[in-house]
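Pasting in a structure now, in structure tokens, and then I'll have a few things to ask.
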Amino acid sequence: QDSSPTTFGKGLLNIVGKDSTWSSKVGARMQLLAIANWENSETDGLQNPEQNFLVRRARLKFDGFVYTPKLRYKIELGLSNRDISGGSQFTGNTPRYIFDAVVKWNFYENFELWFGQTKLPGNIERVISSGDLQQVDRSLLNAKFNIDRDMGFQLRHHFKLGKQALIREKFAFSQGEGRNVTVGNLGGHQYTSRLEFLPFGKFQSKGDYKGADLAREETPKLMIGSTYDLNKNAVKTRSNMGTYMFTDTGFYETDISTFFMDFMFKYKGFSLMGEYANRDADDPIAKNLDGTETGDIVQIGNGLNLQTGYLLKKNWELSARFTSIKLDENITGKAPEKQYTLGLSKYIVGHKLKLQTDLSYLTVDQGTDELMFRLQLDVHL
Amino acid sequence: QDSSPTTFGKGLLNIVGKDSTWSSKVGARMQLLAIANWENSETDGLQNPEQNFLVRRARLKFDGFVYTPKLRYKIELGLSNRDISGGSQFTGNTPRYIFDAVVKWNFYENFELWFGQTKLPGNIERVISSGDLQQVDRSLLNAKFNIDRDMGFQLRHHFKLGKQALIREKFAFSQGEGRNVTVGNLGGHQYTSRLEFLPFGKFQSKGDYKGADLAREETPKLMIGSTYDLNKNAVKTRSNMGTYMFTDTGFYETDISTFFMDFMFKYKGFSLMGEYANRDADDPIAKNLDGTETGDIVQIGNGLNLQTGYLLKKNWELSARFTSIKLDENITGKAPEKQYTLGLSKYIVGHKLKLQTDLSYLTVDQGTDELMFRLQLDVHL
Amino acid sequence: QDSSPTTFGKGLLNIVGKDSTWSSKVGARMQLLAIANWENSETDGLQNPEQNFLVRRARLKFDGFVYTPKLRYKIELGLSNRDISGGSQFTGNTPRYIFDAVVKWNFYENFELWFGQTKLPGNIERVISSGDLQQVDRSLLNAKFNIDRDMGFQLRHHFKLGKQALIREKFAFSQGEGRNVTVGNLGGHQYTSRLEFLPFGKFQSKGDYKGADLAREETPKLMIGSTYDLNKNAVKTRSNMGTYMFTDTGFYETDISTFFMDFMFKYKGFSLMGEYANRDADDPIAKNLDGTETGDIVQIGNGLNLQTGYLLKKNWELSARFTSIKLDENITGKAPEKQYTLGLSKYIVGHKLKLQTDLSYLTVDQGTDELMFRLQLDVHL
């Protein structure tokens, strides 16, 4: 029964309806980004500079409960051109405005049933909100392997093991072609399972799914997680992401599996996150009915991402990241890549108002190296 | 002078401005839908299953008054890909984000003048909000014959006849090519007239334009309505809906008329709705200047829709629907169709939070029958 | 610490967060427009009538400060099809939903640093909000020469000169291809400088950037401004506006300069605005590498716009406008145009609720004259 203004960072609106019959928190945010990058050749040094100003992300978010606190909802909308692009014949030839539209029902004890479109329980880096990242943007591992959002059902459960330890189980049954699809299921469905183990109990302020140890955990906190995702008769090159694999008669279908192993550790301002990803397919080379190759290739291979940061006084943070991507070169024709990133963040009001900058160096086997500098401002009402 | 939180279902915000100089109710809603359907062949039974998860609709709505309660406005925005698709060269090659943007001025006694884009006074089923339906979605009659939204002026008036009876008259002067058109009027304009007769007076809570008798009317309530719509020199196959009829030199133009006769009856939880629709055209076969046929055909014919429901205890409702569509087979080449639907709804908080499921069987003359199962969750803040 | 409802015209929401740590004003507005126009031939008089109903503009706006009043933000979103059209391969093949997304930091005394996407400091008429115009829409000068919005940095400063006079300096460093571009900078960057001189001090209620003297200035107020804009190696026909100049190998690049000189005068309900614009280019004729012309031409030339209005009792206003456009006819092949417009406005609640109508006559040298009548309703919550 309260709609009095909040402190900064608690939402544009934070309403609890009359008689506590519902609630809604409304948030708005934007990320303003400047990028400069160069190719680095052994002979000529830095060259071919490119520059980019972007409204990288801008979002509206509504979440809360209806009728009973056991029935929660979330709606998240994208506003920037980068957010909403990617429309196709499969999305009604229309930009993909909705990110999340999901209802979560705590129907029994620690069980929760989800219905709608939202993030799948994939790698930890993907599930951390883009507004809560430790560096300017997510890693290459995430770009190549993540399983993003989809539409369908999820079942979630958690329980305590002993005095401290916590285990979470997450299952998803999804359409398998990504978000905002309007044409129904193609090929088969997608099945995702994730198990999370927190030996020292919960992080403060949900810190397992936030970048940087802004809560400065007083005791060590750890989450270890693992996801196995099977997309039966998948029709896209990166499971439910990537491009559609058309054939002369329809779609090429093959089972694609994606496996993640990841962890997050935080203690007194120090944070360490690690991820391993592997993607495989029954037959990664797309073929027409007569066996000729269509040219599409499932992006199989693996990746490793390690990221660490230390929070200094006044919430300045130094961070570093190492990412290694090894797609199956014989099949995909893509050379291994490594990327090294150094980041500096000033969290003025936590993740709600922050300035981040990072410098990345990308090396490609037998290819052209690249240097990238980024500066980003986050404002999150 | 009040913005205190509302009970659930009264809007996300419900503001009355200082000195009652304005008001605004802000609502947000989403419909999450799961569909499964099969073809049913006499020889092989159910086959070719298809499955679809959808954010069927998601909307933001603003309505209220400005300056004086006699000057009301409404803005409704679509968010889901299904809501906003349908962009074309006629809409600036851009999705159709705005549903309603209309101002309503009660300039004299019972007269109201509308200006902007909103629903035309067409068949009752169309004007019932998609958030207030008795079954998961509207009928085939509506899909084939409705005249949806358009841009222009409307004049509305109502008066009492005797002690109880109420008569409403609605006129619209519109562009005639549907919503969100940016290129101006093509062909001629569209003229719509609707007359409504409520012999036993108003329904409770505007129940004449809501599915299901959630108000459990204590005395019988009836509305009988009839719409005649004339689209002069129309250029689309279903009046202001359907596809544009291009010729080699521009557009094929023909007068298209659409006639609706409908009623809504409610009493003690029982509801019955009926609709008859008829569409005709001066010359339904589109032709080039030299008389050769372009292939486009105005979808002339008629339809019948009957729908009934009974509200049980605790707001469970059983409903049934029968729809028959007979397009002119000689002209359109389309066989008659009949659809039978059984629905079950649980109105947890009226139409604001409800779970609906229905099972439909479609028979097509000389064609393939289809079975469809749907499950939908509505959350309306 | 206040979110009590506002009077009409002060925003849908007007929130000051707890402990004054942030603020947000949320506004929504729409413009409903009806147009009728005719060609006027010397022999046959008015002919070829066209008619158009439009949701001309519809917007959502968020602005306020975060953390400290010295750090302000603004987000403005377009909703109508006319607002968001113009998507291309350069905007992710996606409509251009975001107008403004900018953060403004008053880092030292009278200095302010801006970062993000917003209007450049161009001609006065462009920077006046489309919700604060004196007539139904902006002039032809603006249509041909304005430099609209772009992404990048701006630096703004102002100081007092003597007792009354005020000088403002505005500099912008931008990407140079307009708003919502996702592909980074093409050609060179764009550099904009603007100087404003207000000899009699500030206008009331920021009237220098609003149409009509609704504040009825008690002493004469004047702003004289001048903008010089240089778009290095620009790739579009109107600097950061217009169409891309493709060649067979990429883009044609040439330096384009745009110069504006403008003023606004207001006194006791009388207002007079004048603008002169000039555009030039190093080599306005786009060529392929081998010197053949591509067909694209930079729209060089100049324009003059004079507009005046007088506010009568009860906020009725009569206004008149004269616009002359002279593109370089040898280069662009476009004949000089003159447009005369008479306007009548009723400001019911200032610019927040107003009805405007105007009648325009366009003469084109050796071309067809046109007559246009417009009626527009503005509602601004």
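Should a chain be cited, it is by its letter among A, B and C, assigned in written order, with residues numbered from 1 in that chain.
Here, a residue touches a chain if its C-beta (ideal position, glycine included) is under 8 Å from a C-beta of that chain, and two chains touch if they have at least 3 such contacts.
Everything quoted here is computed from the prediction, not taken from an experiment.
Superposition on CA atoms relates subunit B and subunit C by a rotation of 120 degrees, given as a multiple of 5.
Annotation: the subunit A:subunit B pair of sequence copies touches via predominantly different residues, less than half of the used numbers being shared.
Centre-to-centre, using mean CA coordinates, subunit A is 38 Å away from subunit B. For subunit B, residues that reach two or more other chains under the stated contact definition are 3, 13, 87, 95.
Put simply, subunit B touches subunit C in their complex at residues 1-3, 13, 15-19, 21-22, 24, 26, 62, 66-67, 71, 73, 75, 77, 87, 91-98, 101-103, 115-117, 151-152, 174-175, 180, 182-185, 189. Subunit B contributes residues 3-8, 12-13, 28, 30, 32, 34-35, 50-55, 58, 79-82, 84-87, 95, 348-349, 352-353, 377, 379, 381 to its touches with subunit A in the complex.
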